[in-house]
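When the chains are written out, they are named A, B and C in that same order, and each has its own residue count from 1.
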Amino acid sequence: MGARFERQRHLLDFAVASLARRPAKNLGLTLVYALVVFLLGSVMLFGSAIRREAGVMLADAPEIVAQSMVMGRHDLATGADLEALKGLRGIRRVEPRLWGYLWDSAGAANYTVMVPSPSDAAHALASGEAIVGEGVARARKLAVGKPFFLVSPAGKFLRTRIKAILPQASALVSSDLVLVAEADFRSFFAIPADRYTDFAIEVANPREVSTIAEKASVRLPTYRFVTRADMHRTLEALFSWREGLALALLAASLLAFVILAFDKASGLSAEERREIGILKAIGWETSDVIRMKLWEGTAISGTAFLAGLLAAWVHVFFFSAGLFEPVLKGWSTLWPRFPLSPEVDALEIATLALLTVVPYTAAVVVPIWKTAVTDPDAVMR
Amino acid sequence: MIFHPSILALLGSSWLATAVLLASAVFAMRLLASWDRASGSERQIRLERATILVSTAVGLVLALEAASLILFVFNADRMSALFVGAMCAVGTLNASVYGFATLYAKIAVFFASALWLVLDRVDGEGRDFPLIRLKYAALLAVAPIVALEAGLETAYFLDLKADTITSCCGKLFEDGPQSSGAGGELAALEPRPALWLLFGGAAVVVLGGLVAGRSRVFQIAQGVFGGAMFVVGLAAIVSVVSLYVYEQPHHHCPFCLLKREYDHFGFALYLPLFLGAAAALASGMLGVVPRRASLAVAQPAIAARLARLSALGFALFALACLWVIWRSNLLLFG
Amino acid sequence: MIELTEVTKVYGEGRPDRVEAVRGVDLTIADRAVTVLEGPSGSGKTTLLTLIGCLARPTMGRIRLDGEIVSGLPEKFLTEVRRRTFGFVFQKFNLIRGMTALDNVMLPAFPLGVPHARLKAHARELLEHFGVGDRAGLGVENLSGGEAQRVAIARALINDPAVVIADEPTASLDGARVEQFLAMAADLKAQGKTVIITSHDPRITRASVVDARVAMADGRIVEATP
């Protein structure tokens, strides 16, 4: 056991020293390698971060959302339909919701204006009060107790006082949020008394969501019922597809890299060939040379992979994947931009390794073997 | 087909493994036709050198296949969000008829390549390539399994479509009336006999592994019992151990165990179980393989070492089971 | 004792440039003696050395090392026999440039898994013994020819081989160094090692330390004394 370990240590030492003796060649390869890891890693990290954010967002979403449809377009829901839904078996609660978007020219931002749910006591508001998200507060330099004005597209003026500012922890969901009282909302957007944006439905048994959505759509055929799972699947499919497409495009760069690695590994300099010949002649076995060379590959792979992964991580989470903006635009128009929360999981790292380290290893293994079977008597000539 | 980086990576590795194994199989046929131990000719020396490449490549492929087996299950778990009714890997695997077939093929590839590498390792100990023909004939048998696995996996991923309605672990591994198939039968196994089987079997293979150094018969027995213990272990996981992990009397799923919610506890069960089974099978294989003079020392020594390794694997597995039962808040027996 | 029976080595079998470098050689090399192979260029001396030193396998014939047949061993075991039995001093020394003298001396022991500290101490000892202890930390490209040869001999001895093989050891050295080399050969013999040298330098082949002389021509042995 000790001898085996000592031997690997010696082979590793030699491999690292041997890499250091040819800095130019190996540094170049490592940089290209790291670049490939960086490109693939950026796409993957970005894709999965977006997906995770979507998951967080949907976790707070109601199990079923009912939207009134007119001519295939979203319309306001009515109080009568609310009552019709409430009578349905299996539905525990139906909550009418009031929310909408507002372009605020003063803050140069899009807000989500919303009436807090009546069951949400923590955010209950009296007329003239407002709660805003952390992003809104920052953009408009607001503090608790300060006045806050909104102007509707119709030119109507709403004047409120800040009651509270939502904490940053839930930044993604609530950063652009403005909560106002129901009466203020209705008069500001001119919504009649028994009209709502949509209904949020809570069911008694989560396993029956799809059955209930079906039954409800029989009762209210002009409504569209979107379950949380539907939304999740649609988003997931959309992301996966785009991400896969981006990766397929990057496959070309991966192929180029594999060819480069193969070329570097097979095109040994005369000096390197001589070294291997000497090692074989003085008592290194073919498998020792292979192992030493694989250690070299491991050192290169490890360095390049860590460097590329780290760079991709910084790129995606601190620069919002700026380099890919044009390619991935579809994603950024789905939501207002938000900083992604920096998280990486083992599955992603393993996948990235499988997509980069494995092709590299495959490319060098035959050249390594070819080198290692050098005739040990070659150095006598 | 769902474009997903993990799917691309899995398909890529399977086809790479297939390419390596098919190339090796072609070489194997050449070797079997023209191997001449006594010759010092250049052709013979070239053949001998090529065997080093094959060993290295198959070794790397085994590492790749082991990684891809884990990734496959993990990825199935992650993708369950895409399918109606799927809550864990079971739902994803069930979303196509090829799902479970692929999983079984992957497991078969893992064991087959592990056994082949042991054969390779033992052959390398003998001064006259004692097992070379057997080894390369065996490689001809391993290659189709790897190719089959790649084919199944490809069919599986091509067949997968988002929005497929599938049934998840609740359906497959529940001991209620709605359960179906072998999973349901395993789940319906009574906890008490299952525990007896689990710990009784573990005791047998741990002891067997420790004494298998004494004779070939013990090694062969260890192989047989180790293989059986693999099945018993899986059955016990489904029928009782999972209950203790989930602390629910009716949730039997062998895949949810791998989820983060349960601290990836499944790994503590499956890794030692797979290790124990692979080592036991390898030990049994060495018991069966005829003993050549040049391996008179090495072969029994390696077989004994593998048997001890299998004892270690099964012991760790049994300890993990004991630990989770002891720690669990669930009481199945009054 | 090394015994060769009808040993033949063919290069490029089945090709037009086929060469029988060694043909049907029968030879016995005594232990703890200095044996010299001489003969004109191209007569097969180096080839025979590679066969004796287990660097290559004979195409035909048999080689026994202390009674054990080593011809026909798979490469892996041939290497094992080689590193346990033989130490090599090459004509061009073949030290690895960019590494220190000390590291070069340690190289042959790397695959054996000798603990690092012990290996290092042993390598230093050998360098001291051959009078180049103060050059241990120097890159080998900075050594003089004589120093390089002594480092190469130290490297040949690191695994404590029973046989030291030197191919044209003095071809790269000037006159004064030849004496030094002969002194080292005598030293090795005194340590109980078998020494095999090829050379066409009469100062070597006629030296008093030499116990046996084998003359080759055209791949065959033409004369062996005693």
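Here, contacts are C-beta pairs under 8 Å (C-beta built on N, C-alpha and C of every residue); 3 or more make two chains touch, one makes a residue touch a chain.
Everything quoted here is computed from the prediction, not taken from an experiment.
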Category of the chain touch graph - line, ring, star, complete, other: complete
Compute per-chain Cα centres, compare each with the mean of all protein Cα atoms, and return the closest chain. B
Distance from subunit B to subunit A - Cα centre to Cα centre, in angstrom: 33
How many Å are there between the centre of subunit B and the centre of subunit C, using C-alpha atoms for each centre? 50
Would you mind pulling out the distance in Å between where the CA atoms of subunit A average out and where those of subunit C do? 63
What residues in subunit C touch two or more of the other chains? 75-76
For subunit B, residues contacting two or more additional chains: 49
What parts of subunit A, by residue number, touch at least two of the other chains? 286-287
With touch defined as at the start, can you tell me which subunit B residues reach subunit C in the complex? 37-38, 40-42, 45, 48-49, 124, 127-129
Tell me, which parts of subunit A touch subunit B in their complex? 40, 43-44, 47, 55, 210, 229, 232-233, 236-237, 240-241, 243-245, 247-248, 286-287, 290, 346-348, 350-352, 354-355, 358-359, 361-362, 365-366, 369, 372-373
Contact residues on subunit C for subunit A in the complex? 46, 49-50, 55-56, 75-76, 79-80, 82-83, 88, 90-91, 94-99, 103, 107-108, 110-116, 155, 159, 167
Looking at the complex, which residues from subunit B come into contact with subunit A? 2-10, 12-13, 16, 49, 52-53, 56-57, 60, 64, 67-68, 70-71, 74-75, 78, 81-84, 162-163
Residue numbers of subunit A touching subunit C in their complex, please. 2-7, 9-11, 14, 17, 21, 271, 274-275, 277-279, 281-288, 375-377, 379-381
